[in-house]
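Below are two complexes that have chain A in common, paired first with chain B and then with chain C.
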Partner chain A sequence: MTRRWGRHGGIYLLGYLFLLPAAAVYLVFVLYPLARSVQLSLTDWDGARPVATFVGLANYARLLHDGLFWRALGHNFVWVGLGSAVALTLSLLLALLVWNKPQGFTVFRTVYFMPQILPAVIVGIVWSWIYHPTFGILNRGLDALGLHTWAKGWLGDPGTALYAVLAASIWATVGLAFVLFSAALQGVDTELLDAAQVDGANTWQRVRHVLVPQLANAVTLVAVLLLVHGFQAFDHVWIMTRGGPDDSTQLLATYTYQKAFMDNEVGYGSTLSLVLTAICLATAVITVRARERERA
Partner chain B sequence: MHDSMRQGFTRQGFTRQVSRRDLVRLAGALAAGSGLSACGWGREDSNAGGRPGSPATTLKVWDQFTTTAQSRAVEKIYHLFTSKHGDLRIARTTHNGDQMTTIGKTALSSGTGPDVIYYQVGAGNAGLLADAGLIRPLDDLAEKFGWTKEIAPFAQREARLNGTLYGLPHESEVAALFYNKTLIDKAGLTVPETFDELLAFAATARRKGHVPIAYGQLDIYPCWWAFSLAANNLLGAESLGALVFDNDGSWDTPEITEAIRMFFVDLVKAGAFIDELNAVNASDAHAMFLAGKALMSLNGTWAVGGIEEALPGQEIGIIALPSIGDRPRVYPAGSGSAYYLSSKSRHADQAAAFLDFLYTPEAVRIWVEEGRVVPPVEFDPSGWKLSGLQRAALTAAQNGGGDPSINLGYFVNHGQAGPSFLKAMTAGFQAIVAGTKKPAQVAGDLQRAWEAK
Partner chain C sequence: MATTTTTRPARTRLARRPRRSPARLGWQLGRYAVLLAFLLVFLLPFVWIWSSALKSNAEINADPFGLPSSLRWHNVVEAWTTGRFGSYVGNSLLYCAFVVPGVTVLSCLAGYALGMLRLPGERVIFTAFLLGIMIPFQSIMIPQYYLVRDLDLLGTYWGVIVPSIALGLAFGIFVMRAFFRGLPPEIADAARIDGASEWRVFHLIMLPLARPGLTTLVVFQFMTTWNMLLIPLLYGQDENLRPISTGIMFFIGEYSVDRSLIAAGVSLSTVPIIVVYLLFQRHFVRGISAGALR
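On to the complex of A and B.
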């Protein structure tokens, strides 16, 4: 008979052993790169030299005076604020529209979710065609409606480019939020809605005070996803405008990529990426905390 | 499921069955697995795909010839080389320019990357690799193989960094205006010879419902070609070359400001391009020319193959930017990229032999005829199968259609142009077209970015 370990020693060890693969993956693919990014942010490494010179907090000091960083951050706030609000509202509305599973529900659900599964490259290219000043369907549609004065180069005008790319991104993002809201709506107690109606609550009051509180978990999840996704936004902008024209669509993620990989300033790019990480983390924590406080 | 098995999966039951010996066995198995893996199991062998008795040395070559015609030609040339060197095998990997810039330096510094890499020239590109010691100087090989005499001086200048030759320059390219003579004749117009004629041509073509020049600058690089065309014409090849390569001069001069104004203000106002050119990328713009919807296209000799395929039977010509104030016409010329040798390569001699083979007469013919790529060496193409447009492009690339010292200029984005300067050009020219900046402001921005490197 084999000698047994202590009363709990064996099971604890085994438990840790099972945790080991996931912990190893997390260590190698998250913690180590994060630590390396912190290390690189304190250097002026260009991505090629064998030795990186330690520059202390110089990259962080530079960031404070970097006009393009603040401009990109401003664009990110527009992107996150406007993008999240529109995507959240739109997805909730769409979910409500198909809540009672009308005829063709499956088709609607598939159509609404479809953009989510399209690769960002496809979304970017397709929307670039839609916005094309000469043969894009948007300008042609405006022309057909007699609104030719509204037609313009949506991606080429610094005043509209950010919103044009954001619209494409919202279109691609709404699908996931729609599915999450659709699932959450299945758990809503309709008797409470009926009771509120009997008590004289109008539609808006029923939605705001009876329905939405029951979707609190889904709202929190969708909000966090949209906010973090908003700060991490990169692919659609990169494919459609590359941050232009004249940096009018430059976001933190595109600026980070540009600095690290195109301008060969890996040290400064790491600094930017850490700031981006900190913003994402803070956003997620603040959103979850705010929702928890509201629910308490 | 059998009861005893279910029992084994309960928390208590499982605990009872696990002994220290079992854990030691499990740990041993894991260690053995990783040990075997570390010994090479599952890794690609350096001679992967080889047969018994196959070549002993594999030369890893990374290039950027991604289009079908060029890729086929490259494969043929590489194969020709290996057929003459029985002990060698080439493992070829292709990346586009962006990918190469992103991963090339990391691959080289890893020590397991390519032996030979085809990389963009200039201080902001290969200069970085040279500074980091990732590529080796080639002056000794140039002397040994006679490259200094064979390769065109302008191309050598492109591949030199601080006086040292680091690369074997390739792809003699010029930026130019392609024109569709068939369409222009049909429209009752003539190909402009001077800049004033170009302005009139644009206005008339526009009135007749044609797009005069297919050009869009949503991408970061087309405006570099455009600015190169105007700047070479205004400054002259020698002065611009001195500025770009030797930092002799300045970007905030009246001539540069004028060059910027003429292209990005005057031509835009004359209706030379489609509206909203900031919203159109280079390939979409060029597609209008290929579809027969534009009379001209601002592009480069690298586009010849595509034009011939898309517009068969149409008379296509090539010109530099029409003369400004009786100045000579100048084609901005340069090397697309250059072949560099990794300083960490364990097959340096074989890699050197490979480079030397690339411009042998048999290889040059394949480059030109099949790949439609012009190596920067002298060759006689008489008797080769070349179209009229190919020959015109060849002439432009070799001597600018006249005296190469006058009619062949330089690209503003080569030489000492660093990332800040490149970005200042793209953002600045977009801003001028958007109406948010003036040419003089952008010229000032260019000089500041140039000094900042």
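On to the complex of A and C.
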């Protein structure tokens, strides 16, 4: 080790100097808070008192009996399951339609991708307008089609609010999945498809048995991406419904925020945030596995 | 496309081969019908809001898709001044001006150290940074809020800037390390043999080679900073500190009935960024896709 240091001392010193500023900021503002949230989750701190009382695993026990936590988790699963399925299908369909880069490909890609660059606040406002009970275009469109009995306050009805916000969120993210699939399709071996056609396979058979297997890795990656984003979902819900009405759109992330910063239950909020952390780390491990399979 | 004909007949084989033109025509029509329908789905909401910005409230309520009877630029002016949009845009620019270079410089330095120099202990250090990519902001926001408060940074520009830099570092270092790893180390060795100092090797030889990675990082970090919601919501709780995202949230709370003013505000905050996007479209698509697939 010392001989290595002797030979490379200058380089190593420079290397650690290069690392120092990033490591310092990261240590103080990311790693320390992460460790501290574990500590906070074992207390009943309210954010104001000078000392926090240690309560052991009481917050975790409370989690098991907190109906709202389980409801929020259930909403997260609906969000992830339904949202990912719709976004995957739509983006793959659109990517297939522009596979050979038809006339206007750049225009389509530019427009489909556009919601990605906008703040979630804007997406939330635009969709709140679309869903507005009286002047929203959704209800007006239904009116025009003679379906005025279907019209309702989409975000104000506990039965539809979650799906309405989810639809807005899908609208905002599908362009990203589309771009990723478009890129993956450029790497597909078209000669295999030609061969299948020569062998008499019809379009559906070629998609199902030749194309999809070649895209398996891309599908996995996009699915995991949607999964991670789905569990972290916060912005669109927060802007459009704040978790309401009647907690019908409460997700893990919004519930955590509400407990920690509005109900001043910092200890319990930290416990909730650790559940979210655990889920995200688990999905990250799945991603790494998928990557490794891709490389293999 | 002509160049591809030698190796591959054409790009797609999914479409039926053009045996008979009616089938091909039908396929083309159907395909464009779907593509254009989705084009409208993504475009119409914006057209609606932008046109509403130039209408009166009565016009918006009467006919959502009608053209404005006269162009009311007054709405836009009022949103900029009374609605304080000028200040919001200014703050967003200010945050970007500090956070984007901050993340970029620190990530380049650390990414170079981890990607090129083979330091003892680099695996442990890199794994610690990787952790930051895997966890969402909500994992650390509660203790971070109290940290920012205890440092007396709550309600200051630095209170928004420093945590934003910290949160951008994990991804920045990930990108830059991967980029430096991909560069041939022989180039650096050759320069060393010629007597260049380590610092010169870094900033005159290796850094320029990493420029594509740098562009990706800058675009991604710019978008993240411009769009950030929770950080200013938590740490910038002062009306003078609001960037566009939280600014527009409060604006809506205040002027909820004045739809043309809201539409004007939304237009003011979307049109500039969309113009930038249209100009640098390729970089945006690449940067954001890379950020998503981290």
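Operating definition for what follows: the second predicted complex is superposed on the first by the 252 of 296 C-alpha atoms of A that agree within 3 Å, B and C clash if a C-alpha of one lies under 4 Å from a C-alpha of the other, contacts with A are read in each partner's own complex, and residues count from 1 in each chain.
One rule holds for everything that comes next: a contact is a pair of C-beta atoms (placed from the backbone, for glycine too) under 8 Å apart; a residue touches a chain by one contact, two chains touch by 3 or more.
Source: prediction; values computed, not measured.
> By the touch definition at the top of the document, which applies to A:L94: first (chain B), second (chain C), both, or neither?
Second partner only.
> Check whether A:L138 is in contact with chain B, with chain C, with both or with neither, and answer first, second, both or neither.
After superposition on chain A, A:L138 lies in contact with neither partner.
> So which one touches more of the residues on chain A, chain B or chain C?
C
> Going by the contact rule set out at the top, does A:V165 touch chain B (first), chain C (second), both, or neither?
The answer is neither, since A:V165 touches no partner chain.
> Which partner does A:F261 contact after superposing on A: first (chain B), second (chain C), both, neither?
Both: A:F261 reaches chain B and chain C.
> After lining up the shared chain so the two structures overlap, which partner does A:G47 touch, if you call chain B first and chain C second: first, second, both or neither?
Touch partners of A:G47: chain B and chain C.
> Check whether A:T277 is in contact with chain B, with chain C, with both or with neither, and answer first, second, both or neither.
second
> If you stack the two complexes on chain A, which partner ends up touching A:T241: first (chain B), second (chain C), both, or neither?
first
> First (chain B), second (chain C), both or neither: which does A:G153 touch?
Touch status of A:G153: first partner only.
> Between chain B (first) and chain C (second), which does A:I11 come into contact with in this model arrangement: first, second, both, or neither?
Both partners.
> Does any part of chain A touch chain B in one structure and chain C in the other, and if so which residues?
4, 10-11, 14, 47, 134, 261
> Any idea which chain A residues touch chain B in the complex?
Its residues touching chain B are 2-5, 10-11, 13-14, 17, 46-50, 128, 131-134, 152-158, 241-242, 244-247, 258, 261-265.
> Can you tell me which positions in chain A touch chain C when the two form their complex?
Those in contact with chain C are residues 1, 4, 10-12, 14-16, 18-19, 21-23, 25-26, 28-34, 36-37, 40, 47, 93-94, 96-102, 104, 106-122, 125-127, 129-130, 134-135, 137, 140, 171, 175-176, 179-180, 183, 190-191, 193-194, 197, 203, 206-207, 211, 221, 225, 231-232, 234-235, 238-239, 253, 256-257, 260-261, 266, 269-270, 273-274, 276-277, 280-281, 284.
> So in the complex, which bits of chain B are touching chain A?
Where chain B meets chain A, its residues are 11, 14-15, 18-23, 26, 101-102, 105-106, 108-109, 124, 128-129, 131-134, 218-220, 274-281, 284, 288, 419-420, 423, 426-428, 430-431, 433-434, 436-437.
> Contact residues on chain C for chain A in the complex?
8-17, 31-32, 34-35, 38-39, 41-43, 45-46, 48-49, 60-61, 64-65, 106-107, 109-110, 112-114, 117, 119-120, 125, 128-129, 131-147, 162-163, 165-167, 169-170, 173, 198-199, 202, 223, 226-227, 229-230, 234, 244-246, 248-249, 252, 259, 262, 266, 269-270, 273-274, 277-278, 281, 284-285, 288-289, 292-293
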